[in-house]
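There are two complexes below, and they share subunit A, which is joined by subunit B in the first and by subunit C in the second.
So, the complex of A and B:
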């Protein structure tokens, strides 16, 4: 009996931490989502029940932001995965200067997304940007990257890919290093080609790592905000408005915290569902 | 072993899913229960709207003296020693001029002063969260469109003037009337101390308008003299001429980035006699004037550079400096860069003219004192001194814009300007009239909705009528939900 009290006592700090840092904000957000809560009042002015949820779910703009987020995550994460895997395979052998190159490869990932976005904002500037300068010198069209459709969409993907490919590279490199060499060597002795080794040995053994890498990146890319805030501000029109940008707009531009929280609760459920799907289809190690 | 692992994972997923579903049902049940049981927490105040349009037709500006007579000549003694003031401001030239003079005042009186400076967009986000949350600042910079949202957190400046003001130092009657009118709420409360007069006027390349060949061709084509445009007919003739008859690929640039469109669209709308709202605060974006205004805005966009949809203050200046566009509509407060030869490579070819809009947007900014300020008297005395008659010339020298009639009409100060027509352009724009953005409590909803729908039209995503109709419906619905019409 005494032991149970000691266990309870020892668990109290972590339970308190869990409640105050995770459960309370979630519960409070849910409460706010059921009220009209203007930012400028800083309090709930009326109880609106599920009205905010109905408003959000019937808003074409919300569904547009969902579609943009889905497209962004799919394209950006796919490109990051393919490039990251390519680089990981390239560096999975002895290359002179490999360590230096590997460290340089990781640099974009270490920079703040805000800084990366600022750099790219000026690199892709229509008049003073290096990219357009190069394009013009080859007599190629130099578009306005952030203010025209579909360039704006591809520009933000490019920035995300530039910053986060190193993350994929890092995880997949670690995965490649952990693969035992014996089956590969045995296959090579038996006459397997490099492609066959990759297709039938490396890739299956790397699968669990690939799933983790993709899942981590997808969860992060679903929350894309910094790049959009700095470069396109969700525009032109609402062409690059992600789910998080939509939430930000509701909260700090429209100053409607209730609607913003309702969208956030929906987003939490969405992420939770993706997590469940991941658990269901996770490959066995 | 394998079997055991399978069952274990499945049961784990099942438990998680069941918990999630149960939580979801519980939350929805809670919401419904609360909806039926719950009562209104507190009624929302009803807002009525009155339009603020300042128009001064005479050359010499006059204002009623009621404000000046309200100020009591008896001044309370204020202690400064050991006080520390906290200021939330913006990092542009007029604010930096204020910072320099404020530090001078603080040093003279043994006070400490601490500045937090942001660009406009971040200042807006900061102030909208800091004031409602009760963060203690002594002085905050408030832009005109934020007045309706923030006024309940700010002192009535006239009350402070009455209590602590020195009428001789203040010389309130000398302040430009448009400036004062723009800083009042609909109920007449003066929320701040005017820190700059901000209107927009046209910056243009002189050479295109003075070239004899251009002048001749223009006269032949349009039947009148080539000059900076003063109305819409002249504007569209001039931009068409520049694009078709000169080496310039683009004719004009304006603030077309999404965040600025309430003002940019509003210039066309108010000039045509339209309004954002009727007296009951019902949105009127899709009125006949609104539709024509957006059509004209779109027509002007045809003459803009490739990156027209992202033109903010900074990029608009870049477009002008890189000789992409020969005419831009720019705010007075940011034209300082145009007067700097190190920044503006075409400074010797730069001229200023009044806006071609019939009514131009008023963009006054004010230093206000929050109700949470621990030192309102000291904050007031500092503002009064910085913006006093005696410091007016000094403030201009440091990069400020005039707030006083005597400054704007001073021949001596004009002689010191790099491009003296700048002040003529401002004065003419002020005389033609200003429209003020609606000072309503839910300005943010209107601002965000109109900006995003207009930008969607500009990017070709949706047509004019549909966009304005849907914007009107959306704002009305949001206002209904917020209890504005209750």
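So, the complex of A and C:
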């Protein structure tokens, strides 16, 4: 009986923050999504039922942003995983100064995504960027990376990959270190090749950690915002408008709070279902 | 604990080259930002990048004399440290409750809390803006502190849950036999035992808050600009002050690199919400 009060007391501060800052605004978002809510004034709000949802779900722009987000997450996370795994395998040996070299690999991940985006905006600058300087000196085309159509998509992916490959590297390195040595050594003594050891021993043992790393990174990449805010602003046109940027643009540019909140509710459901998949298949430690 | 193989196979030189390329790929952009921050405006706006030049501290000096970068760093520091303290303490309390007491729905509650971390911040940005505007909280420290505390809490709770879960029950039982009540046992016996974990939690929460941009865009004004928001304002319509921007960017990551050294051990744990322990 008394224990119940202790539990309640211990949970109170956390629940206060979570309810007042996350859950209540989400509920408010849901309410607003059913109205034609004006931006600031609290009056003249009328009930419009599911109109906002119909607006959003019939808008090609919304579906484009879904497709962009899907493409972005798939490509970025795949590259980050492959590079991260490669780096982790590369560093999984005794190197003099290995500790320092491994720490240096983590530097991009600790920077603010905004700062990373600014640095890449400079590196990829059409006139004064060092990337285009190198391309020009090899007589290759030096495109305007953020304002032409196929390139803008790849540039924002490049930034995400540069910043978050270290995340994959860090987690997969930790995974490699936790793998028991004995089966690998036994296999090598029995004449297995390094590739066979990797394919049939290391990879299967690493699987639970790979799952966690990919799922967490994908859920995070789905929320991409800072890179777009700094580099393309969703442009050229709407070429790099992600789901989150669509929500942002609906509210701040189109001043359509109702559809913005409706999209937010859809996004929350989407991420929540991915999270349920994660929980269902998350390996237990 | 040294299980690594040292092998000088014929591939060894090739591997060294690969390691060097990997390091260059990772570090070159940071190196380039660093040297750009020591260039003059004229040197930056040349088509052919200059590699050898006389370094100048102009960009850094201007940050603090012509702009109020010191004030913005202070704003970021106030908001990030207070929110990280709140998140760590509330997280420690909730993490203790969730890891020590078996009550109905404790696992679902923990998973539900974790799910809040996964939600896109932009989904609640507009309603929070509307509500905070109504409560006159825009452009105050309180607004950002509340938001950063809440968004860091799931991580703090899950990390602290892991640290408490690893402690032997005997510690608190012994303390309670010695006459402590549960609260005294928590404060005087358990908290000191998870001290390094709590510090790691604090630092990771601090880093997330320090690096955050979206809510700074929505909720700050001229009184509360954080470093991240201030940097976006270097981009004027006509021309970007790249030197100032790179200097500001370097200044903004220095505190993070300084504290990150202490938490490297806990980074995997923090970033995977305790799913992977090292």
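What we mean here is this: the second predicted complex is superposed on the first by the 251 of 285 C-alpha atoms of A that agree within 3 Å, B and C clash if a C-alpha of one lies under 4 Å from a C-alpha of the other, contacts with A are read in each partner's own complex, and residues count from 1 in each chain.
Everything below uses one rule, namely that a residue touches a chain if its C-beta (ideal position, glycine included) is under 8 Å from a C-beta of that chain, and two chains touch if they have at least 3 such contacts.
Please read these numbers as outputs of a predicted model, since none were measured by experiment.
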- Message: On the A-aligned overlay, A:91 touches which partner chain: subunit B = first, subunit C = second, or both, or neither?
- Response: second
- Query: After lining up the shared chain so the two structures overlap, which partner does A:128 touch, if you call subunit B first and subunit C second: first, second, both or neither?
  - Reply: both
- After superposition on the shared chain, which partner residues are touched by A:106: those of subunit B (first), subunit C (second), both, or neither? second
- Task: Could you look at A:47 and tell me whether it touches subunit B, subunit C, both or neither (first, second, both, neither)?
- Result: first
- Item | Contacts of A:230 with subunit B and subunit C, given as first, second, both or neither | second
- Item | First, second, both or neither for A:271, with subunit B first and subunit C second | second
- Query: Which partner does A:199 contact after superposing on A: first (subunit B), second (subunit C), both, neither?
  - Reply: neither
- Query: Counting residues of subunit A in contact, which comes out ahead: subunit B or subunit C?
  - Reply: C
- Give one of first, second, both or neither to describe whether A:279 is in contact with subunit B, with subunit C, with both, or with none. both
- Task: Could you pull out which residues of subunit A sit against subunit B in one structure and against subunit C in the other?
- Result: 40, 42, 127-128, 272, 279
- Item | List of subunit A residues in touch with subunit C within their complex | 3-4, 6-7, 10-11, 13-15, 17-18, 20-26, 28-29, 32, 40, 42, 87, 90-95, 101, 103-108, 110-116, 118-120, 122-123, 127-128, 130, 133, 162, 165-167, 170-171, 174-175, 177-178, 181, 209, 212-213, 216, 219, 222-223, 225-226, 229-230, 243-244, 247-248, 251, 257, 260-261, 264-265, 267-268, 271-272, 274-275, 279, 282, 285
- Can you name the residues of subunit B that touch subunit A in the complex? 5, 9, 12-13, 16-17, 20, 24, 27-28, 31-32, 34-36, 38-42, 44, 125, 128-129, 132-133, 149-150, 257-259, 305-310, 318-319, 322, 324, 441-442, 444-445, 447-449, 452, 455-462, 477-478, 481-483
- Which residues of subunit A touch subunit B in the complex? 30, 34-36, 38-51, 53, 55, 125-128, 142-144, 146-149, 232-239, 249, 252-256, 269, 272, 276, 279-280, 284
- Would you mind writing out the residues of subunit C in touch with subunit A in their complex? 3-7, 15, 18-19, 22-23, 25-27, 29-30, 32-33, 36, 44-49, 86-87, 89-91, 93-94, 96-98, 101, 103, 111, 113-116, 118-128, 130-131, 133-134, 146-147, 149-151, 153-154, 157, 182-183, 207, 210-214, 217, 228, 231-232, 235, 242, 245-246, 249, 252-253, 256-257, 260-261, 264, 267-268, 271-273, 275-278
